[in-house]
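Can you keep this structure in mind? I'll have questions shortly.
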Amino acid sequence: MMFASDNWAGACPQVQQALADLGPEIAPAYGGDALSAAVNARLSDIFEAPVESLMVATGSAANALALAHFAKPGGITLAHTNAHVMVDEYNGPERLSPGLKILGLPGPGGKLTADGLANVLSRFPEGVSRQGRLTCLSLTQATELGQIYTQQEVAHLSSLAKQIGLGVHMDGARFANAIAHLACSPADLTWRAGVDCLSLGFTKNGAWAADLLIFFNGESSVEAGYIRKQMGQNFSKPRFMAAQILAMLDNDIWLNNARHANEKATNLATGLAASGKSSVPFMPQANEVFAYFDAADIERLQKAGASFYPWPDEDIPDDLREDDKTLMRLVCSFATSSQEVENLLNELD
Amino acid sequence: MMFASDNWAGACPQVQQALADLGPEIAPAYGGDALSAAVNARLSDIFEAPVESLMVATGSAANALALAHFAKPGGITLAHTNAHVMVDEYNGPERLSPGLKILGLPGPGGKLTADGLANVLSRFPEGVSRQGRLTCLSLTQATELGQIYTQQEVAHLSSLAKQIGLGVHMDGARFANAIAHLACSPADLTWRAGVDCLSLGFTKNGAWAADLLIFFNGESSVEAGYIRKQMGQNFSKPRFMAAQILAMLDNDIWLNNARHANEKATNLATGLAASGKSSVPFMPQANEVFAYFDAADIERLQKAGASFYPWPDEDIPDDLREDDKTLMRLVCSFATSSQEVENLLNELD
Amino acid sequence: MMFASDNWAGACPQVQQALADLGPEIAPAYGGDALSAAVNARLSDIFEAPVESLMVATGSAANALALAHFAKPGGITLAHTNAHVMVDEYNGPERLSPGLKILGLPGPGGKLTADGLANVLSRFPEGVSRQGRLTCLSLTQATELGQIYTQQEVAHLSSLAKQIGLGVHMDGARFANAIAHLACSPADLTWRAGVDCLSLGFTKNGAWAADLLIFFNGESSVEAGYIRKQMGQNFSKPRFMAAQILAMLDNDIWLNNARHANEKATNLATGLAASGKSSVPFMPQANEVFAYFDAADIERLQKAGASFYPWPDEDIPDDLREDDKTLMRLVCSFATSSQEVENLLNELD
Amino acid sequence: MMFASDNWAGACPQVQQALADLGPEIAPAYGGDALSAAVNARLSDIFEAPVESLMVATGSAANALALAHFAKPGGITLAHTNAHVMVDEYNGPERLSPGLKILGLPGPGGKLTADGLANVLSRFPEGVSRQGRLTCLSLTQATELGQIYTQQEVAHLSSLAKQIGLGVHMDGARFANAIAHLACSPADLTWRAGVDCLSLGFTKNGAWAADLLIFFNGESSVEAGYIRKQMGQNFSKPRFMAAQILAMLDNDIWLNNARHANEKATNLATGLAASGKSSVPFMPQANEVFAYFDAADIERLQKAGASFYPWPDEDIPDDLREDDKTLMRLVCSFATSSQEVENLLNELD
């Protein structure tokens, strides 16, 4: 009953196989090899347009690099108050881009609202005010509360941001879960909806370590490549990472893994809501369930071997908040089994 | 005949096996797993003292983190004029630690001399001058020209630096090659000789991606851990890296790999020197051969399929420099075969 | 009718005289002169304890230096959502200290509340959380809305912050106005109330350019001095600044100037409130009046030559906010005359 | 007999008068006043082309801002090994622009040579190499050893740099001394010779604190203005600085002051060379004399009240170096009298 996080899982069989297939053969370093070279082509195929990408060590690195790409003196990035770039990266983006400020906007379920965004934008006529200048809008897809922006929502928020020249970044550590949920094309959810660059994560979804930053719309990755090297993330043998990525893109493994995780989360949330022991403020759209529990039930489940943790509930709307209970996060992954879900629900019975 | 760089090799069989053995099982993220936890213990065993370490994406990252560990406002790091931190990292250390300056000291074969160091130190009474304050001495072992500091040399340079309070860092991207050459204990070449922290590289020596920064002398890695997270290098599943490291530390694979590479380099250099076609200013002590060639011979070898590149020769002493020839670098790795060496020498015949 | 800002005034007569008295005589540079040397002694006298101080170019510089003094990797400074360090310095503190985040806390009148602070602190057990670690509390005295923390309030907020090891900074661009209002001793409002360092501004209060950062409690200014030099603010002839400061500290000019400005602000606010044309949500405690006006009245006053500007009213409590009017800021200075106040009030009649 | 530094002098009478004339009148802050507005116009007149400028706290600030203006990820600035930006600013440029490296080039008398520059440039084909990319050439005029680049020399060095796209900065802390020496137009020595921006210093030349960065060739100062604000150097009452600058530009005071200082330096150097007690490796071209003295003579002069300090002699060519003597720097200023020069020479007799 492991629901602590999707990054507690190991690697999926296809990734394991791809690494096992990597022989000892010699190849040019720093991306000169055939596997690394294949990544951009494969992604361009999937995103239906020529893209450039940079492989990096973690999703945090991809995010910091994206924000650095848009940074200017006095620059401000807009993101949700509880976005990963805001609260989970120890100010890594601010360290990489000195003088960067990330301005947090609230929103239920971790989602920015068009009204909220428009309101902030109005304080920066043509992008600039006495407070600085806006340079970038960063959207998290899926959000930290497991919710998903539709193509229309992304397009609307992007168009607001672009009216005053902001770049649009999408933190897609769980992008595959969003695609699996919306059953739309990756292109529709990104560049066709105004996204300029995407942190695309494979690690939570079945790789050991494989994250990258993708540039759309003809944005070149050359300048960001300089910064990546400065970050100490220019891997000399990136084949080991390219192999993981290609293995997951082949045969839609990345989407199958995400679909599996989403499905387990939906099953779990449905069961919890039906149990009468727990309330679920938002039905999961991706692979994370957020549910309120009594202290006694939490203790019972943990004693029975379930791993899961509390989560701040400030982005739960007032009418859905339960002040005498604790909001817990339960995360499913490609490795979560129906049995685990069933066991947890049974335990609660 | 692949002599372009040691990082063109893939992973050694033991690393491949270790990754294949990594099952899909669940484990706590961010180093809470058993393999990651075993790394410090295993290193403490090998270094004969309790050490702390941090796994990072690349050797450049380990170096930047080390220099950040010692950084202070107005701080200056001393390193060889052509050290990796100085000329190969796109100012990554200076980006991570704003206001850092690396002051280059010349020295034949890429080695700092005690006289050269003492001379610079004398300009910073008690570490400070109008130019700033010295915070760190960074030694590269083996050097960029394939030379190795003996324990006595390290100890002497360290003691000079420590007289005015500098931290001592060793860039050990090829540390295993140094240990293999000197046949001394890792402890003797590091903390017993005054080294405070060591960038220890496994990637050039047979891993896909495995580098770490080791802290000796009771230096805590806690503060550096904050910085690593800011760098976007806090891997969520570091097991994949720990597995590579542990596989190479087991049964002295790291030393065997290095010994093999050193031996091939020595054979190659000996053959080149005997060929009459090439001159070798320094006999290799690690796995890199630097040799002067005529343009015609370079072309002949490259046409025959040998890969190797020119290298700046400013650290070759005047009396060993050959102005009408080109200095080339030929690097051997754990994967270099005797046949390759022989083929290249035959081609030159 | 100049109420645009206190920094539209020139220098007060005493500062003018002090500069006129500065002869062409020779003196050691970089603070080796007698006037510069006298500043610390004079401040120690006024603050009833040995202090160290550093003169800097602006109040923003003093603030950035203070936050840098407390900065650590992953560090977070707490400040009011609309504090000067948060919204008026183009992310200067974040540029000087890369990786710094300033976390905004709301509060009516620009004042942090003890409850609000305690609530945030509780999310950082022992100062650290997954979000980073708290390093500093920055209080603005007087606040951006012209309100003043009492000694008791400062002491309470400081004690909360210090329980988990935070440094306490006070942004005292209008500190003299606070002392004038409270009629307390500078010591009581600073180090006796837990303040570790104070940005003390003379520029808004009658100097041309004279700001400094004062360190209490035995905090040394040596490290901050390195940073100041890196900021390009180590004036070679600081006598010109020391002369301004000493002239204002002599004969309580700094307090007299502030008292004058406060009094004009009180008169203005009282008149506005009595006029029936304007409402004043908070009576001024320092030298700034915030008042709601109809658009027509604003236009009338500006046509008549009054200079003053709108101000965001998000820190005005709901029950005091007037949604059909505009909040305007009117600032008095040492140079504001009773006649100007009277003229503006007459114009409104 | 004050020859310690030109920044030991106070302000010249015209600056004193200008400050005395600054009344208490009200004016818009942050450069909205008439005096500040007049600076660009006056400079455009003097430089015979429209220029933009930014006033800053010190010459170091102007330099750091210039280097930041040209900075890019992985960027390298070229400057003389002992330039002020290299050895006198506590790595301020590197702090303001994290990831900046300043690569030092040697050259006699503190001057870069065309051969030396060409040699370095050749290592960066099209500006880029594995070491990073060149972004800026910074020339010091007059140099740290009191020598002056002619218009032809500046033009030649600039043209080399511009062939691969570098920006050209001139550190003109003693620019007036250079103009006074060459008797050329400010335009000829700057933008007509390829200089893109100039740190123009008034402080050493008779102001209390007045330095600025001038942009030629249509370079806008807008972006640099953002950075200046982040540096905490956006003075609220810049009139006090503009007044000093305008006073010195009026009636060629800046050139007269410099001419006076140069003349005293020439007289001093001539006397020293004639004395038989001291040798002068380079005749001064600006206001600094560098001369070798015996220890006994140094002691005698200092006992007699002369203030002057030793200076490193590594940029003195071998054949002019005197290993048994000490190189001393003696600086003249606008305030140096003929009597002081005579007294020192007499003392040596």
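Letters A, B, C and D mark the chains as written, and numbering starts fresh at 1 in each.
Just so it is clear, contacts are C-beta pairs under 8 Å (C-beta built on N, C-alpha and C of every residue); 3 or more make two chains touch, one makes a residue touch a chain.
Quantities reported herein were computed from a predicted structural model and do not represent experimental measurements.
**Student:** Is the C-beta contact count larger for B-C or for B-D?
**Tutor:** Between B-D and B-C, contacts are more numerous in B-D.
**Student:** Could you label the chain A-chain B interface same or different, taking same to mean over half of its residue numbers are used by both chains?
**Tutor:** same
**Student:** Based only on mean CA positions, could you tell me how far chain B sits from chain C in angstrom?
**Tutor:** Spacing between the chain centres: roughly 51 Å.
**Student:** What is the distance, in whole Å, between the centres of chain A and chain B, each centre taken as the mean of its C-alpha atoms?
**Tutor:** Measuring from centre to centre gives 35 Å for this pair.
**Student:** Approximately how many whole Å separate the CA-defined centres of chain B and chain D?
**Tutor:** Going by mean C-alpha positions, chain B sits 41 Å from chain D.
**Student:** Residues of chain B that contact two or more other chains, please.
**Tutor:** 73-74, 90-92, 95-96, 98-99, 226, 229-230
**Student:** List the residues on chain D that touch chain A in their complex, please.
**Tutor:** Going through chain D, the ones touching chain A are 72-74, 98-99, 133, 223, 226-227, 229-230.
**Student:** Of all residues in chain B, which touch chain A in the complex?
**Tutor:** Of all residues in chain B, those touching chain A are 2, 4-5, 7-13, 16, 19-20, 22-29, 56-58, 60-65, 89-92, 95-96, 98, 203-204, 208-209, 226, 229-237, 239-241, 335.
**Student:** Which residues, counting only chain B, touch chain D once they are in their complex?
**Tutor:** 73-76, 87-88, 90-92, 94-102, 123, 130-132, 312
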